[in-house]
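Heads up: the structure comes next, in structure tokens.
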Amino acid sequence: MITAHIMPLTILLPLVGAYLILLVGSKHRSFARNFGLLTTGITFAMVCYITYLVSNQGKMAYYLGGWAPPLGIELRADPITAFLLLTFAGVSFFVLLFAYDILPGEINGKVITRYYALYLVLLGSLLGIVLSNDFFNIYVFLEISSIAAAALVAVNGDKLAMEASIKYLVMSTLGSGTVLMGIAGLYMVTGYLSLDFLAGALPQAYASHPLTVLMTLGMLTVGIAVKAALFPLHVWLPDAHGSAPTSSSAILSGLVVKVYIAVLLKLLYRVFPLDFLAALPLQGSLLVMATLGIFIGSIMAIRQRDIKKMLAYSTVAQIGYVFLGIGLFSEKAMLGAVYHVFSHAVMKSMLFLSAGLLIKYSGKRTIADLSGLGRVYPIPMIAFSVGALSMVGVPPLAGFMSKWYLGLGALEANQLLFLLVLLLSSLLNGFYYMPIVIGGFFKKETVEIRQEKIPLGAQISLLVLIAATFFFGLFSNIPISFLTPTVQGIFSAFGGGI
Amino acid sequence: MDNLFYAMIFIIFLTGFWIMLRQSNLIKKIIGMNIMESAIFLFLVAMGYVKEGSAPIATEANPGLAYVNPLPSALVLTGIVVSVSVTAFALGLTVRLYKHYGTMDVDEITRMRSEEL
Amino acid sequence: MSDIIVRVVTRLMIPYLQLYGLYIILYGHNSPGGGFAGGTVIASSLILYVLAFGIDDEDLRLSPSVARIIESCGALAYVGIGLGGILLGANFLSNKAAGFPLGIPGRVFSGGTIVLLTVSIGLKVASTMITLFTNIAEKEGEDES
Amino acid sequence: MSEAVSILPLVLVLLPTLGTGAVVLAARYGQHLRSQVTNFVMFATFVAACWQFYIVQQGTELVYALEGFMEFGLRWRVDFVGATFSVVVTLVWFLATVFARDYMAHEHHQTRFFAFWTFTLGGTVGVFVAGDLFSLFLFFEAMTFAAYVLVIHEQDRESMRAGNVYLYLSIAGGLALLGVIFLLQFVVGATGFEPALHLIVAKGISPWLILVMLIGGFGVKAGMLPLHIWLPKAHPVAPAPASAVLSAIMIKTGAYGFLRLLYVVLSVPDGSALFVYQQNFGYLFIWIGAVTMFIGAIMGILNDSMKRVLAYSSISQMGYILFAVGSGVLLGSRGAFGFAGAWMHMINHAFFKSFLFLLAGAVYLHTGELDLNKLGGLRRQMPIALGFFLVAAASITGIPGFNGYVSKIVIHEAILEAYHLLHWPSLLWLERIFVITGGLTAAYISKIWLKTFFGKPKKDWSEVRDLNLSHRLVFGIYVAISLIIGLSAQGAVDRLVLPAANLLPFDQGDIAHLGHVPFWGRAELLSPVTSYAIAVAVLFLLWKFGDRIKVPRWLSVEYLVYRQVYNGFRAGILGLIYLAETWLPSRISSLTRAWRRVDQVTQETKAQIKRWKPPKVELISATDLMKKLEEARAQEREQVKVWRVGDGELKRRIQKVRQEWQEREERLEERIYDVVEGVPRGEAKEEGKKSLDERVRELADWAATRKFNPYWNTKNLGFDAWIVAIVIALILFVFLVLR
């Protein structure tokens, strides 16, 4: 029974968990922590099971209520989906494990229950977006995720976070309004919302209403770009990610931004045919924006003094990489983009978590004040260093592999320039990450450091993330061979997967 | 005539968009947000409308008549729920911000913040 | 807010508003309406009450904690009905396929699980609206969303 | 040449890598055990390398592959070149370890040092036994990052800065190398050492792109001009054993990379249409080598710190190697001499440079001084050290009978051979640069031992003792190696060079000719005389006019090139940021309008600061400041009045806001008092204002007397850029006119 219904159950579990926490947890605070962790853990296990099933049978489809598309809502899992699911569920589980003992010290005790509920709602909506094969369903989950994410920023109720949160909310509503308009346009010209049917009906619709289809594509892309913080539309990101509590920053920067990229992947590679896209100026503009985003994000990160702001700007740059991979329209670049979604999720959440710990123990947020912490707190500093080196693209870490595929993709697409962009930006990454690593291990302390014991959950989750960074760098052939057939399918014939 | 309708919707959409971007008062921003979303809902409803169609309710009396496409209405309903919750959340945040800063003007808030830092 | 006319009219309106909301919820599958619309109407009746009598009136006010519990229960009931489909051997949220009786079109108890779903949605929406309203209206909001 | 699968290369890499763990573990049980374990690991690695050399020398290539490591697999392939250099690496490392035991005894962080020391060996030896470019890159990066810890061992300001320059240049170099790997992987589908030039051209990628990336990648490590700037900073600050292996071994990885890539990957058969590429590459490399060796030597002469001179000497000697590499590549299959010269000099330089650095370390260990101007007259206290120093100096200057002589003669033969085959006049000029550089080498080396051991003692050296037994043993081994290679010059060439040259498709006549290099010919034997004649002249000039040579910092490469590039890049990006963060959002969103205002204020303030001239300074007085504050307050009150329309609730809020304003005002005042330190905060306002006024005036006076020139305060590096400019002009001249 579980096997057949695993997909809806996976989405439902966190949502149900959230409401149970709200129901019970307002009285018993530790219930929220334990139950939240348990729910995410089970979700992670279920996602693992989905991945196992997908690796056995290729694709899975599920019709809600037994209604087949185009009328009903369809859930769909294929290797890329499963990989993204695994990323999202896994990282959010370890972030929550990290937060188990850290969070109560960081936010107001009253809102812990609410925090966990929001977190689970966010997780459920992320999984929902990835699994949905229907545009309207995607839209609903998108909205849920953006409200939950904005609430996760503001949950603590301090001024800066609330201001960042409302900025985030306004921008992301702007984005989702545009997306909804685009979806409505698609529905108008084709009469379908299901991705497969849309893909089938689009060529004809383009023949009859070319302008509408173009506008629709533009609106969808721009709307998603706002939410995913593509370069000129990224203005909300540094504030929102920089002022949220540690675990919120980790999941926002690591996962939430990525889920919109998953939507864009679905849109570009499943709905619109490749030759259709190739005829548009979309590729050029995506690439230019991605490149600018990479450079400007990096330079802005170099200019930051606040470590969390720096990490947030680094996310802008890394999103640029993913858009680069998407915009190159080549097999290897696509692999690289998907792999970077994963590796960046792991690395960035690790960086945010370890930075959060370091901030907690030094009491300061500026980079200069983190000096010498590596000697007192080796595990967070090592985690930070591993994440930083992986960001720079040092083999054999996971970040290297995604850059490797992006670079090969650039060559495959005959765009030598972007290989150079990739290399140069890695150097810039080095410029803002290495000083922290160096300072952390080899410089003298500038502030008085509290000697405290790092909670076990935090240690475990950091160690697991470190191990994952190494594992998916050293044995990248496992996920890559899992993903390759699907990606090849996309590029050899239209209608492959995602 | 149909196109005129869509043009109007687009104008409303842009109006909302413009208000949302240009106004520095948070409440006005939220109003703009709602205007923009209303435009989208209008668009969806207009799309599903069938001339002289009846309500899409299955009774024995009207088995085969032309009826209005129910799917866009369902979408609108969902969209309204979403927009209500976004609005409520934004209003809640605005109230909180007002409590902290004594103003609802974003520029003003930013100025105060930069002064404090 | 101490206008006697408002108070009297409100007092008169509220039962009808609530009845109307209930009607919209229960006939959601037979006529225009449904859980969301009905829930909003019910919530608006309570909001009207608060507007007329002030937020500090303790008599009729739905306390936030109760509202929150109803909210959670509504959502959970929805999911529970959906899971019922799975338990009966069909897909999530399935209706006829899972063997729910469809009944005669036009009656209240027709359309299988749809009635139950609209009711749970109505509960959820009404309580959520009230929670949101009290959150915004209260002097010291405890928490948002 | 047969192949054999063997885990020996893997063992060679794993021994030091895992040995790191053993060292760290052993350190828990005391220093003694740790040094024993370190010595043992080093010795074991050396033995393994010797064993490997023994097998390979019989004509077998050892291969090993770890498939499934990062998708590509990690590949080892050891031919004669790799095996020989592994022995050199492990031997030098072992000797330096033995030396380090006494040297490091009084240092801090010893365990960290020895752990990374051991780990660096793993990476370095890995470079020489790697089977393809990707594996080489992995080991290369491991070595780079591990060596960083050795560079910054002192952890003082200078070494941290040197470490930063080293690290960032290395990362940049690593990325350039990664670019080569990308292109090779794309073109060939693998990164093995196979000829690929024709494939690259067929794919439509310019080979020059690969060459530029290659120069970026290996050139940084090889200390090639103008990528050398990390080297004279990093090598002097590291502890002596570390600088010995950095200078002797690590920079060889760059040369080794060029050897593999230029002679194999970017090579074509003779007569191919693409040979012109190879020829141009070779010609470019000869020039790079010539410039590097010449400027390195000049800078060596002009510097006064012993280790810094030796670091510049390393640059200069790497110039020799690149010079030889270039002259070999230029001639294609006739380039056996160039290859032989580069290869022989790599080995020789590894020995004598580590010898020199360890000697410098020994001097430092006993005297605590490295500045040549403060040393002097040590010949009575350290006669044995002087003896060793003279041997090392003889080696590096190419006195017959010592090892440097062998390779210098071969390199000289190589450039002459190039001239005889091609008859380009520029090659003769290059030969002259080579000879002159030999003279400069003699000059700076003589300067070191003259200034250290002779002349008047500048300090009381009576406490100084001579080398202890273990150091004498280490240096004795160096002397033996130097003499063995130097005295049996032809034998060394036959044993070490010919098997290596046979790996490549060189002309058999040339190889036969290599078996009869005229080492003991008259002209060759007299070459040191020329060198020392130049040296004497240079030293005389230096003694006479040395004080007057003062070079401003802005002539250095760092200032002229790197900083300008960085500034330009930063300015461009800042412009983009302005567009992205300020201009664009302000156009699309009023949320950001206020940011623009903040930025404007910042810009204006910056402009004001820029316009601000020290003599005409006018600071606002504190009373005026207070007045302005009052005005601002009045304005704010007006704003507060606007809200005074609602009922009690609103009133309450206004109260609250007012309270906040008051608090903010207080904070602002506090800040004003903080600006001028020393003003008592809690005292009466009037008095505070008065003293504030005085303080402000004082500050203004102080500011008026102060000169601001940001560039004058920084330390000067040297005038190498000046020479670079001249040499570039020369090159242009030669290219345009002579060729």
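For reference, chains read A, B, C and D in written order, and residue numbers begin at 1 within each chain.
Definition applied: contacts are C-beta pairs under 8 Å (C-beta built on N, C-alpha and C of every residue); 3 or more make two chains touch, one makes a residue touch a chain.
All figures in this text were calculated on a predicted structure; none of them were measured in a lab.
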(request) With contacts defined as at the top, give the pair, A-B or B-C, that has more of them. (result) A-B
(request) By CA centroids, point me to the most central chain in this structure. (result) A
(request) State, to the nearest whole Å, the distance from the C-alpha centre of chain A to the C-alpha centre of chain B. (result) 27
(message) Report the inter-centroid distance (CA atoms only) between chain C and chain D in whole Å.
(response) 73
(message) Centroid of chain B to centroid of chain D, CA atoms only: how many Å?
(response) 61
(message) With centres defined as the mean C-alpha position, give me the chain B-chain C separation in Å.
(response) 22
(request) Could you list the positions in chain C whose residues touch two or more of the other chains? (result) 144-145
(request) Would you give the residues of chain A that are in contact with at least 2 other chains, written as numbers and ranges? (result) 147, 151, 154, 170
(message) Residues of chain D that contact two or more other chains, please.
(response) 589, 591
(message) So in the complex, the part of chain A that touches chain B is made up of which residues?
(response) 136, 139-140, 143-144, 146-147, 150-151, 154, 157, 159-160, 162-163, 165-166, 169-170, 173-174, 177, 180-181, 184, 187-188, 193
(request) State the interface residues of chain C toward chain A in the complex, per the touch definition above. (result) 65, 68-69, 71-73, 75-76, 79, 82-83, 85-86, 90-95, 97, 142-145
(request) Over in the complex, which chain D residues touch chain A? Could you list them? (result) 68-71, 137-138, 141, 145, 149, 152, 155, 160, 163-164, 167-168, 171-172, 174-176, 178-179, 182-183, 185-186, 205, 209, 570, 573-574, 576-577, 580-581, 584-585, 589, 591-592
(message) Could you list, by residue number, the parts of chain B that touch chain A in their complex?
(response) 13, 16-17, 20-21, 26, 29, 33, 36-37, 39-40, 43-44, 47, 71-72, 75, 78-79, 82, 85-86, 89-90, 93-94, 96-97, 100-101, 109-110, 113
(request) Name, in rising order, each residue of chain B that touches chain C in their complex. (result) 55, 57-60, 77, 80-81, 84-85, 88-89, 91-93, 95-96
